[in-house]
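Take a look at these structures.
Shared chain: chain A. Partners: chain B in the first complex, chain C in the second.
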Partner chain A sequence: MKLEGKSRIGIKSIWQDTHRRMGLIQFIFFVFIIYIIAVFTTNIFNSLAKLDMTLSFRFLNNPSHINIGESLIDINNSSSFLKIIFAGFINTISITVVAIFFSTFIGVFIALCRLSSNWLIKKIAIIYIEIIRNIPLLLLLLIWYRAFFLKLPGVKNSFAMGKEVSSDGITSFGFSLSNRGLSMTFFKPTENFNPWLICMAIGLILAIVFILYLKHRQKETGKEQRSFLYPLLLFIVFAIITYFILPEKALYKDVPVLGKYNISGGLHITAEWFSLFSGLVLYTSGFIAEIFRSGIQGVSNGQIEAARALGLSHMQTVRLVVIPQAKVVIIPPLTSQFLGVAKNTSLGVAIGFPDMFAITGTIMNQTGRTLEMILLIMSIYLTLSLITSFFMNQYNKKVQLKER
Partner chain B sequence: MKKGIVFTLTVILILSLFVSCNAKEEVKTTAETTVTVKEAAPTKELSTLEQIRKRGYLVAGVNASNPGFSFLQEDGQYKGFEVELAKAISVAVFGTADNIEFRPLTSKERFTALQSGEIDVLVRTATITTSRDTELGLDFTTPYFYDGQTFLVSGDLGITTMEELEGATIAVLTGSTTETNLAATMESKGIEYTPITYENLDEMKSAFVNGRVDALSVDKSSAVVFLHQYADAGNFEGLEETISKEPLGIAVRHGDNDWKDICQWTLYALFFGDEHGITSANIDEVLATTTSPEVKNAFGMGKEIGPMMDLSADWAYQVIKQCGNYGEIYYRELTQPMGVTRGLNKPWNQGGLLFALPFN
Partner chain C sequence: MKNKLNPFLSAEEVKHPTLFWVRKNLFSSVGNVILTLISFFLIYLLIVKGALPLLKLDWTVIKANMKLIFTGSYPMDQLWRVWILVLYIAIFFGLTFRVFSIKTPKLIFIISGILFAFCFLEFSVFTKVFFVLTASLLVGSYFLGSLVTKRKLTQVIGLGWVLLMPFSFIIIRGFGGFLPIVKPNLWGGLLLSLLISLTSIFLSLPIGLLLALGRRSKMKFIRVVCTVIIEVVRGVPLITILFIGYLILPMALPASWTPSVFIRALAGVVMFHSAYMAESFRGGLQGISVTQYEAAKSLNIGTVKTMFLIILPQVLKRMIPILVNSFTSALKDTSLISIIGMLDLIGISTSIVSNPKYLTGSAQVLFFEGLIYFILCFSISKGSMVLEKRLGINTKVGM
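Let's turn to the complex of A and B:
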């Protein structure tokens, strides 16, 4: 009957058909959203026109005339705006990656403490989590920066280890902590770095081949192989041996030296970077600890008891029964935490860390291109977040329980 | 099955309710936005002055943490040189200094706040530059303060010239002309340095006092204020060198010339009082005895200048009477509490750069 009615669709028949009705409602809603967007966009363009301004990204290629305190790429005063935004992006990424790594590590450790049967350790972990989770991140950063780093002694009388004064009055350090940050002796590549790099690549290939072989053998014999540990050892040993065999040394020891104002050379981590890093790690680890705890506790006791009944050892139970099931629960909220770290780095602006957000803010002010910069930074953060969540989702799919 | 249908229907009903609710709200917003869009047409648009009159008060963008110029006191009141200038504009428009609301803004936010119409006037150590005047869609009055950029260093270093800052860490405020001036000057002189940019003046001062940075690059007036404030915190000193010209002006939106005229001539009225020695104390006396046609014009006793700008006839009189002339404000807010000297900020007839155009 309905099929017949199709030839003359009236309002009534659309309304009576669930599918068509839903479609209609969705269509109206869609048109409505488009309308709203259009109105706002026209409004923006009209307001800009009123101020004799047009939306243009061409200025990004102009020299910036801005200097940035710390950058992992080579920039100077005449670098283009695009390049210094990129420098800021690298700063953001560097801190994000390192902070994610450390906060996961510490988070897991605290989760384990919290699940410990030792009363004291358990309580300490609970107090840590509750305090950290209930303090705003900005406050943590300011505490680290103003109450810790700025209160450290100046460069001339820093906390130092391996301090040496040479005959010509040059002071060098093995390790130094001052209100400028942290400096330590570091190995840096010389001009003869490339041959060693090639050797390491060969070592990596060997290690991968070894892994594949061990996996294969595990399948053939059914006997468990340490398919990760031995190849790793192989790689490390190979790298060390080739380093010493090669006639020209690939690395040299860079020692921090005290100049008139600052310590130069070696590995230098600025107080701003370290404050932001410490604040982020403290804050995120509290949340990550709770995610891991809930994941682990989410595995029902029956599973563990069954594993023990089958004769698995404690470690085997954890590795083969608890972790695979806990992972399923842990990954999605962990993804949000990781995304949060990337976005929270923007708070570094409060303590003078030149991350992408701080730099775009400066550009906004120097050029007056507020709208363009906001659009740009929004799309960069969005892309970053989408990439992270893409990989995490792929991993999530892999670890999800496959029900047969 | 039937339950399923009922459930879906309920969901749709609720959803459509939401949709309609949203729709209503959004229609409202769109109605508003369309109105604003329409206002762009020159015939219907309310001028800044009309908007201010309609609202009943003036909104001025100022700094909340720059003692001497403009800062928020413990009692919640703003105080400082720039605050007084903004109040003078309020007096010119309303006849009273009370019809004003201050918006604290950072260097970064200030121009956007003005462009977007959040504030009517910006009196916040804004250096007048070509790009700000043209590209940013702003308009400036003549400078109300002539400043220049310099360095503050720790006295223990024994530095006298900026060449000696080779390799130093220098703090600047982000989004200020100071930042670009510093970069440009250091590049031209080939001096290597590490900049750290702060968004907040307090954060920057704290970093300097604690020795995180070796030098601050700030305007001379701010340097004097800093030295005054932190006299006990350590041995600091300013360098003699001036690396830039920093003329500070009152900023308004580009395009509303009537409103700019009001800000500009209020400033001239303050200069005029200073130039002719007419103060809040002696203005009544001077007006009773004066024979100068220009003084008469300026204070509404000759030519009716006020109504030309849509202000009351005695606007300039009220400005001087209630706020004092430029020199009085300067002494009250900068010289007396902070020890800032007049420098170039003197009337032209006393060897300075302040020059009021003729009131005629």
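Let's turn to the complex of A and C:
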């Protein structure tokens, strides 16, 4: 083919040689892409110049003068832009992690209900899944926020459990639900928390060693070992015992107290956080339930019958035959759901939850640095999804090798 | 009667079929009894704590704002144009049922029955006339469809659904001289949501196809560019893409041309859906066996011809249910355009509640909109399942 191509010269010969033709097409495509990028960037820089601005990220170090409703890290009015974006990032990540945790549990539970032999519970699960899957997430969030939380009574008349009025007129709650959110009694670390933390770390190391030992024994003897349950129990027992042995208590009970305008103390969950959280959990659990259902139903009946014929118990069949096979099918879509949760937290902007996106939106409004902020937030999300897909691929390789 | 002849049924089942069914499905074991009782309790809670308080709410806010919820601030005297669009959809809906259903479908009569029933509610005469027209066109087109051969009818409905997007734009926006132009900033409510999702599906179809072909191309540069575009768009939340369309696009275009908010929102939604559509196309393309390409090559058919005459027809047929289903996700996703200030179905709820007369109506409006979304998305996804069966595609194996 190469010889043929060399012997003839001219446009026609370039077109007939596959390699040259592909090269030509790619070159034209390359020029086209470069042209478009050039036009767009010059236009963007022109419009920036009109506004007396240049593309620069240096403003990120300036004090922001933005107040954020809630944050897990310490910020104030004079924190830099970078720091409040970081606070938003922490908010996004924390709500994502908690929502993923809960929605997986609820999703599995609903999938089990959906597969139940009980007609009524199956129908309820189906109706739940259908309703959730056919309503936009944004609407769910708005219903939680506007139709539920904002309609609740104020802090003074909140729905409360364990309400106590002490002799000096201070009202405290065990649990309270108002239009400001949820407040409940919570155990918080005292100054003597660190010794217990060290003890827990030791417990964790012990548990890991135990796991490794059990795995080793399973390999040696061929007998099945509960390589996760017992180490977990070991860790929990160790943590409880050391808590009571240590002379100074590591935790203290923090009770929410009604102040003049608000409830202080205890664990306070804002209405925004809780609306976003519950909307995300409701929405995601519906999808996760379907993923699990199709994964479990994908395991052929013959496999289960064969396992039962070999004398495996019902639980053993599930644990050793169904789950390992369903896992391969379930995990890829499950990860994309998890990534979806991280992306969907950006909808918090509609109900005023200060996640990363809402904060960048506020910064855009205040400084007019639209382009910079969008580039920043896109790169953060892309990094997140790249990291996830990297680990995903690693895991997939591992699982698929085991299958063979 | 039938049961008596069935040798696999126990005597008890023949005697008391209902009782047997209840015992088998609800009270077969102790665990099952507990589950049944729990579900009864759940249902009780839902009715007493959930449904009854909802019914007690004042629903006049919906009645008063019906027009806003469905069409936004579309001019009153031009409302008949929206109805024409509804009639168009009704005709092709009836014809589609003629092609794809074996038995006489109950659904079509249920829908027309409901539409007739609406006439007894408090609507204006104008609306009632169109309700009756829609219902009768639905049933009429279903029965008149039998006059034409099925093959021809399939072509007609294919064309009808493809032309739905251009037709709706012509009728809703209007065109020079014949119909007065109604600018997109007057569109709103369900009309806007539907139009944007419909348009985004139609526009993202070719773009998604090109991206998918590019991603599978042997040419490395093209492949890399397409992969990067798809993965970047899929890796970020829709709302960032919408913000790009809304804020960055006007900057990137020449200063002489500033697109309207409608176009900007549409651009964002189209960008987003193209990437997802590309992934669906990639799945569809992967389902085509290599032998098809090889056979085409051995017959000396060029690459482009192979693609358009051999591969794509197969892919598209397989993808019809997926395309129908992607309309539901498009419809759900477009709800986000309310965040950039469009008055779509969700955006309109905010503007209704901001009216001091209806300050307390937010829950009612939101629940009503949820109902609209549910009915639309549920029926479309069920429809796509039926299509999948009728077209004889098993996506589970094929993809």
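Just so it is clear, the second predicted complex is superposed on the first by the 366 of 404 C-alpha atoms of A that agree within 3 Å, B and C clash if a C-alpha of one lies under 4 Å from a C-alpha of the other, contacts with A are read in each partner's own complex, and residues count from 1 in each chain.
As a working rule, contacts are C-beta pairs under 8 Å (C-beta built on N, C-alpha and C of every residue); 3 or more make two chains touch, one makes a residue touch a chain.
Keep in mind that what you see is a predicted model, and the values were worked out from it rather than measured.
In the superposed model, A:Val349 lies in contact with both chain B and chain C. Contacts of A:Asn43 after superposition on the shared chain: both chain B and chain C are touched. Once the two complexes are overlaid on the shared chain, A:Val237 sits clear of chain B and of chain C alike.
Touch criterion met: A:Leu139 reaches chain C, while chain B stays clear of it.
Of the two partner chains placed around the shared chain by superposition, chain B and chain C are both touched by A:Phe29. Contacts of A:Gly259 after superposition: chain B is touched, whereas chain C is not reached. Once the two complexes are laid over each other on the shared chain, residue contacts for A:Thr362 go to chain B alone; chain C is not touched. In the superposition on chain A, A:Leu55 contacts neither chain B nor chain C.
Of the two partner chains, chain B is the only one that A:His65 touches; chain C does not reach it. Common to the chain B and chain C contact sets on chain A are residues 22, 25, 29, 40, 43, 46-47, 50, 146, 150-151, 349-350, 361, 364, 370.
Listing the residues of chain A that touch chain B in their complex gives 18, 21-22, 25, 28-29, 32, 35-36, 39-40, 42-43, 46-47, 49-53, 65-70, 76-78, 146, 149-151, 154, 179-180, 259-262, 264, 271-272, 349-352, 354, 358, 361-362, 364-368, 370. Against chain C, in their complex, chain A makes its touches with residues 22, 25-26, 29-30, 33, 40, 43-44, 46-48, 50, 116-121, 124, 130-131, 133-139, 142-143, 146-147, 150-151, 343-344, 346-347, 349-350, 357, 361, 364, 370-371, 374, 377-378, 381-382, 384-386. Residues 5, 8, 12, 15-16, 19, 23, 26, 30, 33-34, 36-37, 40, 107-108, 111-112, 115-116, 131-132, 135-137, 166-169, 171, 174-176, 179-180, 182-184, 186-187, 193-200, 203-204, 206-207, 210-212, 214, 253-255 of chain B are the ones touching chain A in the complex.
Residue ranges on chain C touching chain A, taken from their complex, read 25-26, 28, 32, 35-36, 38-40, 42-43, 218-222, 225, 232, 234-240, 243-244, 247-248, 250-255, 328, 331-333, 335-336, 338-339, 346, 349, 353, 362-363, 366-367, 369-370, 373-374, 377-378, 381.
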